[in-house]
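Please find the structures below.
Paired with subunit B in one complex and with subunit C in the other, subunit A is shared by the two complexes that follow.
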Partner chain A sequence: MLEWLIPAASTSAEEIDWLFTLIFYTVGFWFLVAQGIFFGFILKFRRRPGVRSQYIAGESTDEKRWISWPHYVVIACDVVLIAGAIAVWRDVKQIIPTPDETIRVVAQQWAWTFVHPGPDHRLDTPDDVVTVNELHVRNDATYVFELSSRDVVHSFSVPVFRLKQDAVPGRVITGWFRPTRTGTFDIACAEMCGIGHALMPAVLHVESAEAHAAWLGDRTTVAAASSESRS
Partner chain B sequence: MSFLRLGVFAAAASAVAVAALGPPPPAAAQDVARGAAHYQLCAACHGDQGAGSEPRGAPAIAGLPGWYVDAQLRKFRSGQRGYAPDDETGLQMRPMATALRTDEDVASVAAYVARLPPAAPAPTLAGDATRGQALFAPCSACHGPDGGGNEALKGPRLAGQPDWYLLAQLVKFKSGARGAHKDDATGAQMRAMASTLVDERAMLDVVAYVRTLRAGEGAR
Partner chain C sequence: MSLPATAHDVGLSHEARSFWSRYVFSTDHKVIGLQYMFTGMVMALIGGFMAYVFRMQLAFPDQVVPLYGLVTAREYNALVTNHGSIMIFWVAMPVLIAGLGNFLIPLMIGCDDMVFPRLNRLSYQIFFVSAVILLLSLAAPGGGFGGAWTAYPPLSASAQYNHTPWGAPLWLLAVALEFVAFLLGGINFTVTVMNARAPGMTAMRIPIVVWMIVIASLVFMASVGPLVAGAVMLLLDQVVGTRFYDPKAGGDPLLWQHLFWFFGHPEVYVVLLPATGVVAEIITVFARKKLFAYKTILGTSIATGIISFFVWAHHQFVAGIDPRMAHLFTITTLLISIPLAEMMFAFIATLYGGSIELATPMLWALAFIAEFLIGGVTGIFLGANATDIYFHDTYFVVAHFHYTFFPIAIIATFAAITYWFPKMFGRRLNETLGQWHFWGTIVSFNAIFIPLFLTGAAGQHRRIYSYESFPQLSTPWLNQLAVLATVALIVLLIFQVIFLANFFWSMRRGEPVGANPWNANTLEWSAPSPPPHGNFATMPTVYRGPYEYGVPDRELDYWPQHVPS
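So, the complex of A and B:
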């Protein structure tokens, strides 16, 4: 349902959207039922000539069940929703799958630096590709990211992944995602980080394996040429 | 006849209105006023008077030539400067420059900065100015023997710049964190020159010599 507003482009996004939909329809259904009963009673027990109003203490069983039964329903719905939330939280946050690739995300005032492993699929090797404000990932590949900050608290926010993770100075925070849709999407900082906070957007490119390999090849060549000219 | 009277009246009223409003301010003054408004953002790091701040990595920009400030802001906006992952302060400056939406905004800030009274930064580094004088010889071709700069050669004024900033820029030019963008022609020139300084000692010596220069102090 959230996809009407913003695409879902990762496995986590699909799960989170499922949970959102479950909550929306569960709560929405009972909201409409409650409002229907409420307005039905207002209509049924409206003022009529010759009918005196009465004080209802709610002591008889058939009166009390208008309170107790909805309580049981709320508890039953809570159990379903909390079970769903725990399942999604476990999948999205607690269990980090074995990655196909590990990337590094470094936040600073007011830019994002991304370190991609090169063709050898390993970080901290000479073929790493470092970009500023531009993240390239392969579709249908599992990525683990190591998130850190050079200065203050930032938040790595990728709305299409339904991903938002604070970057805390002095810590390396690990998370993961698995893209499910190719395209170009937004990355933003979601934690007020100073005067340039609004000016640090980055771009996420989710590419097919072939397109990603081509990009990586280009970048590796450029990086090699650049490091030769810089040395 | 009545139209004529009306016309005369309208012309007279317009003349009175124009006289009351006064002449429009000259374009340059408008630019500076607009620049002052935009400068509020810059002041967060560069200070109200453009004196800079070493802890923030912000150089003294007060009194720098307008053409140089204009050119650098354009480079930041286009990504010719502030592109390198290891250029932390450049990465910080780049988004701030993009907050200036138009070329006119950039020009107005440059005009405002150029009118600020130059700061007199205190020395923070130690170097051998005598040795630095010899090493400065190639630099003087573009930056002038007195470090006063040369607009025709796009060499900015160096005299009066904080020593820590000069050193940081030499290090960046040499490493490629600045000046290595394919479209940055003057940066490429400067990179070649920075590579002639073999180590940080040589850079410190040049910086120590630049600190002794007093280009155009009376003419600023």
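So, the complex of A and C:
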């Protein structure tokens, strides 16, 4: 359902959207029932001349079942939703799969730095590609990111991936994603980080393997050239 | 039970005195209650104006806002931060707990004043100072604090990051003083209800709203300690340069988040419980019904208060806590829906077989139930850890908590004011204006926040001054929703003029009423309207529970608590 409002572009997004739909229908149905009964009572028991209210204490078991039965329904629904939430969370946050690529994401006031591993698929080698406010990833590849912050708490948010993770100074937090659709998408900071909080946009490019290799090739040449000129 | 030691025994007389001693330095619980209420109303207007300014910026970015001017990013941040702080700490808390608690508790349990009248006065004075400091912080060099009402360090801890060297510490000082004021108030409420009840007012005959205020006070007192400790450490970080929250020096930013939310989530229930209490009082009177399952409702509110201490980390699912911990907090968070749902079911069941009169207080009370249900069910999306990854810090959250806080701080407050106004001032509010105000407020409220559920679900993050840098988050459709929400807010604010006019006109010119205009049972309606200092002509004795409406074989459909059988 969320896809009507925003595309889903990762495996996690599909799972989270499934959970959203599950909650929406479960909760939505009982919400309508409750509101229906509520407004029904208001209409049915409007004040009429000569009609007195009934005296119901609601203390006997016989009377209390009118609230205890709905209460069991709530418990049953809660159990289903908790099970769904735990299952999806395990897949999305708790179990980190073996990556095809590892990237580094560094937040600061008010910019994102992305370290791509380059053609050798390894970080901290001379062919690493460092970009600011621009992240390039390959479609259908599993990425693990190492997220850190240089100053205050930021939050790495990629709405189309349904991905959000705070970047906390002093920690390196790992997470993962696997893109499922090519395109250009927004990355935002989702945690108040000061005056420039709204000015921390970055662009996510999800590319086919060929396009990604081409981009990486261009950048690696530049990176190698500049490191040569420095040395 | 012997009468308590109160104002009389400490030598404060009842005669009318000068304006200052009667209205400003009074120890009368009713005057202090009204002081809290009026201060809360002024702060609500300020908070509402702030909402108007930043909503205008969101709907019409970078244009001059009428009555304000251009909004800079720095000002925007300060406005959203202080709007949140004001509405929770300087509107919901003073009006619902301090205002109503002070006005109602002695009247409803049948005593002449709070047990500690001077402590009560001190509580208001500290609260007043805290409000002044908060407002001054907005004018401080560098501007007001803009690090969100949650004030996460290291941003909040250092002027190097937040660029508000005065705004941040003053904001924190104001919040800390406000806590002190409510601690004093909470002690007073609890002790008064424990010790100063009228003869016959047994535990199970106490009106639900009094129970709710006491439970809320206890939850507040138990949860605020860790936050006060956290706030002192944060203040030291800001002012003295200690590094409790600085990871470079071995501190931990997450420490603050735990301390803050350990208080912050129970705080939701601290303001919610008195609001549900107000609703319980009103629906029984206007449906002429005994409250359905009094003991169950009491049990659910105690259960809610206890469980509220075990849910805090659901605000931190994506904050970098151990992922396994999130499961635990999802379970507790969804569990807290059970007692609250049961309480709402009991309220709905109370309507069954009633004789419902849709007078203004009843409309507000019923609106609370209908709107709060929306707040409750949308909370499930956020309590479920996996969906919260996406919704965390989006407008979906903003819409959700406004569907809880608006019913609490605004709808229940209007319910309370319209219901107890005759007792406060001895006159009636104008019913036609009241109905106009009700429908105008309710319709525009929904028109503000339903669009925000959609913008949030479409990915818009909160606290963003302008979405222009985000192509997917500033589509024409999303911008139209922002405009709709802003226009609805302006309509809502305009409708409050009707309320203010009605309130102040009726205070002086409204139709005078007797002691019990609603034919209600609880003790406050046995005192004159407005009650004099000392409250009751003869101190009441209680013979039955508070909700004996529609008792069979009685001529009257109500049976006041103080009337002998």
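The rule we apply is simple: the second predicted complex is superposed on the first by the 211 of 231 C-alpha atoms of A that agree within 3 Å, B and C clash if a C-alpha of one lies under 4 Å from a C-alpha of the other, contacts with A are read in each partner's own complex, and residues count from 1 in each chain.
The rule is simple: a residue touches a chain if its C-beta (ideal position, glycine included) is under 8 Å from a C-beta of that chain, and two chains touch if they have at least 3 such contacts.
Owing to the predicted nature of the structure, the values given are computational and were not obtained by experimental measurement.
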Name the contact category of A:82: first (subunit B only), second (subunit C only), both, or neither. second
Which of subunit B and subunit C A:210 touches, first, second, both or neither: neither
For A:165, is the partner it touches subunit B (first), subunit C (second), both, or none of the two (neither)? second
Quick one: classify A:52 as touching subunit B (first), subunit C (second), both or neither. second
Could you tell me if A:195 is touching subunit B, subunit C, both of them or neither one (first, second, both, neither)? both
Partner chain in contact with A:132 - subunit B first, subunit C second, else both or neither: first
Looking at A:108, would you say it contacts subunit B, subunit C, both, or neither? Reply first, second, both or neither. first
For A:35, is the partner it touches subunit B (first), subunit C (second), both, or none of the two (neither)? second
Partner touching more residues of subunit A, whether subunit B or subunit C: C
Using the touch definition from the top, say if A:62 reaches subunit B (first), subunit C (second), both or neither. neither
Can you list the residues of subunit A that touch subunit B in one structure and subunit C in the other? 109, 195-196, 199
Can you check the complex and tell me which residues of subunit A touch subunit B? 106, 108-111, 113, 130-132, 150, 195-196, 199-200, 226, 229-230
Report the residues of subunit B in contact with subunit A in the complex, numbered from low to high. 41, 44, 83-85, 88, 91-92, 94-96, 98-99, 175-176, 180
Subunit A contact footprint on subunit C (complex, rising order): 73-74, 77, 146-148, 150, 152-155, 161-163, 247-248, 252-254, 287-296, 318-320, 323-324, 326-327, 330-331, 334-335, 337-338, 341-342, 344-346, 348-358, 366, 369-370, 373-374, 377, 380-381, 384-387, 389-390, 392-394, 454, 457-459, 461, 463-467, 469-473, 549-552, 557
Touching residues of subunit A toward subunit C in the complex: what are they? 2, 5-6, 12, 15-16, 19-20, 23-24, 27-28, 30-31, 34-35, 37-39, 41-42, 45-48, 51-59, 63-64, 66-68, 70-71, 74-75, 78, 81-82, 84-86, 88-89, 92-94, 109, 151-153, 155, 157, 159-160, 162-166, 168-171, 173, 185-186, 188-199, 201
